[in-house]
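So that you can tell them apart, the chains are marked A, B, C and D in the order they are listed, and the count of residues begins at 1 in each.
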Amino acid sequence: MHPAITPEDAAALIPDGASVLLSGFMGVGTPDRVVRALAASGRRNLTLIVNDAARPHLGVGPLIAARCVRKFIGSHIGLNPDVQAQMRAGTLEVDLVPQGTFVERIRAAGMGLGGVLTPTGLGTLVAKGKRVIEVEGKPFLLEPPLRADFALIAARSCDYVGNLTYMLSATNFNPIMALAGAVVIAEPEEIVPIGMIPPDAVKTPGVLVDHVIRRAA
Amino acid sequence: MHPAITPEDAAALIPDGASVLLSGFMGVGTPDRVVRALAASGRRNLTLIVNDAARPHLGVGPLIAARCVRKFIGSHIGLNPDVQAQMRAGTLEVDLVPQGTFVERIRAAGMGLGGVLTPTGLGTLVAKGKRVIEVEGKPFLLEPPLRADFALIAARSCDYVGNLTYMLSATNFNPIMALAGAVVIAEPEEIVPIGMIPPDAVKTPGVLVDHVIRRAA
Amino acid sequence: MRPDPHLMTPKDLIARRVAQEIRPGTLVNLGIGIPTRVSDHLPEGMGVFFQWENGVVGLGHRPPEGMGDRHLTDAGGSCVSAVPGASIIDSAFSFGLIRGGHLDLTVLGGLQVDARGRLANWMIPGEYVPGMGGAMDLVTGAKRVIVAMLHCVHGQSKIVPECTLPLTSPRRVDLIVTELAVIAPREDGLHLLETAPDVSLAEVLAATAAPLLVAGEVPEMDLR
Amino acid sequence: MRPDPHLMTPKDLIARRVAQEIRPGTLVNLGIGIPTRVSDHLPEGMGVFFQWENGVVGLGHRPPEGMGDRHLTDAGGSCVSAVPGASIIDSAFSFGLIRGGHLDLTVLGGLQVDARGRLANWMIPGEYVPGMGGAMDLVTGAKRVIVAMLHCVHGQSKIVPECTLPLTSPRRVDLIVTELAVIAPREDGLHLLETAPDVSLAEVLAATAAPLLVAGEVPEMDLR
């Protein structure tokens, strides 16, 4: 495990044009400090893989407001007028994915599976141009894995091995996204000594985590 | 939630010819009391879906020794001579599945997915007669979901809602199998009052559990 | 005390009627909007667990002012509480419950439902594109789907012969509850089961663009 | 103190040589048999995490007599300990780590390895059918695969021109370590990299049924 870095150090690792998995559900469970550092960095053309666009000042909103994002892959954008405006202006590409398919595609990428066979989306716009595979007489949509160059994870606790715990509904996409980033950066609320997190309480083993962000001053 | 029942009550729910998901890894994390009750019940023609055959007096061994099982689906039978003997005698059908494919097929059944696309088994005997699906230029084996009439689960703690926790390596297949039984029966080491298990510590929500077995006298 | 249905708002009337559909000991998902109000009309002690897509199983009421925590929220990001016996699951597990047939009931809002009982509730092309969130998985996977919505919008019926908006799923929903009527989509069409208090059959028929099947006397909603 | 390689058992010699392949800070899976011994030969403080398929990440040594617990076991069901920073994952997650490219190295036993570097280690048709357990996933998914095995069985070479036993995976393994030699399967065949102490090149060639590629002087294993 590497020593803890600052949010600015973490943001500096992410180049223009990178794809980034970003956790959170309406801003809950989003790594806010690294999001703000990244928004301040002036990064451009990011592909953001995140459940929802939250609101302009919430969750990943600041990244969209700062025009860092070229492509958004997620399930909900209804409460962020910036996204709607940039989408209409043609400067932001939006790929809407059903939420259950979204998270399962990320898991498939992280777990070395070839994709997801889901009934969700069959017979709707979502199925357009996709393969339908029949298994035991039932049709399923084949959805490909969804991976990224980086995964930015919000955790409750972390030790210096990188083991992570999450808290209540701030868990959401975090443990799944931690599987599927080529580089995984965790922003915990606290860092505790090694051995202080009971093995059964760990939700993301440290072997998956590449960098840990220092606690807020 | 129903009141806790005895292992014998639980065994009585399972008819001849039923398919049963049974957790454990070399007998660790196997619900031993319900296994013994089922072996004593004289049940016949069960299909057992379990990682390994353990040993004659360990894990699911007693069920095999008592000749309750007609078909075994799992990944390892090397340490149970009963299985080898019954297999040669033609009284026990054995379907060997790579362990990672095994658990993922069970998860797919429990999570409403059409199957698993895995690279494991390609180019081996395991691929025989199975469909190969290409995704993004790479071949994957299509493995169907694996579900059962019953799932027998060994837990550490349980509350009267049916929420379950597991302990260390006795966790293994339990949380996955609890998804995929039409009827789920949990055998905890202890039953605690509702509200005593912190929500973040629950590994299987009680909504998945149909019956809870009383603690040992 | 039994509330006077004549004094209830249309949305509360819908929520109250939907609440009667909830069986004890079940797992229920309530969508945003009118569906969220359903839990307010449910009697205590039924052992019902409400789940949100965000991973809370066993959602409780809104906590008292100043006692919320940002780590325990509903799908809109507002602070909630949890009931005794609540549990937390990650998003993959949450949708596994939904898609895997473990969810007994979902109650969702709607933009349109058509004569085949198909729901559209996630976009108005060229106008409003919020995204489907978890709605497609919910309609695909839940054992029972109830649409809770106002009967009309801008004077136009939301119950139409054929959806003109993109479908959420081709699955036929199980029940439609509006402030005017309770309607059950079945193989042969939309069956009118109940009318709201003080609403005549003629009013319901006039407010509904899709054909309704009426068998004999249509009873009034019982909002006890 | 450096052990005398002349006094080591063949299996310990193999384990010791394999231990040198382990890089600091990596995630490693050791199979049953000779591979299990590898961790005994690893220097302390390398920050290596050993995982078992059963979900333990951060396996420690065998606990002192009487201090084991049935809830913390290795893949054979024997009691183990865990290192500080260990974690527990379920079986689906465990194989996700393996298949998803998160496992840096696996060390497995073998029945046969052939000239194309393909491993067979899960059954002898008509004779012995233990099952593949996690081996197929490990060989398919691990970043690096080392086969640790005795060179011969019943006087027959286990390194053969073409596997006659069912393959574990068509993937070419990365290294073969026996008590006689270290061999690297590559695109063009099996490269003999090292011979064991007191073992001549001729002895290795005589004991190996598959052709070996030898480039110049073959160094002796350094078992420091």
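In this text, a contact is a pair of C-beta atoms (placed from the backbone, for glycine too) under 8 Å apart; a residue touches a chain by one contact, two chains touch by 3 or more.
Predicted model, so just to flag it, every value in this text is computed and none were measured.
Averaging Cα atoms per chain gives one point for each, and the point farthest from that of chain D is the centre of C. Here the spacing of chain B and chain D, counted between their Cα centres, is 29 Å.
Centre-to-centre separation of chain A and chain B, using mean CA positions: 32 Å. Centre-to-centre, using mean CA coordinates, chain A is 36 Å away from chain D.
Listed for chain A are residues 104, 107, 111-113, 118-119, 166-168, 171, 199-200, each touching two or more other chains. Each of the following residues of chain D touches two or more other chains: 56, 82, 88-89, 92, 95, 98-99, 141. Pairwise chain contacts present here: A-B, A-C, A-D, B-C, B-D [touch as defined]. Residues 104, 108, 111-119, 133, 135-136, 138, 140, 142, 144-145, 165-168, 171, 199-201 of chain A are the ones that touch chain B when the two sit in their complex. The touching residues of chain C, when paired with chain A in their complex, are 52-56, 69-73, 75-77, 82, 88-92, 95, 98-99, 128-137, 140-141, 166-170.
Residues 25, 27, 47, 49, 51, 56-58, 82, 84-89, 92, 95-102, 141 of chain D touch chain A in their complex.
Residues 1, 107, 109-113, 159-161, 163, 179, 194-195, 197, 199-200, 202, 205-208 of chain B touch chain C in their complex.
Put simply, chain A touches chain C in their complex at residues 25-28, 51-52, 54, 58, 74-79, 84, 87, 94, 96, 98-101, 103-104, 107, 118-126, 156, 166-176, 203.
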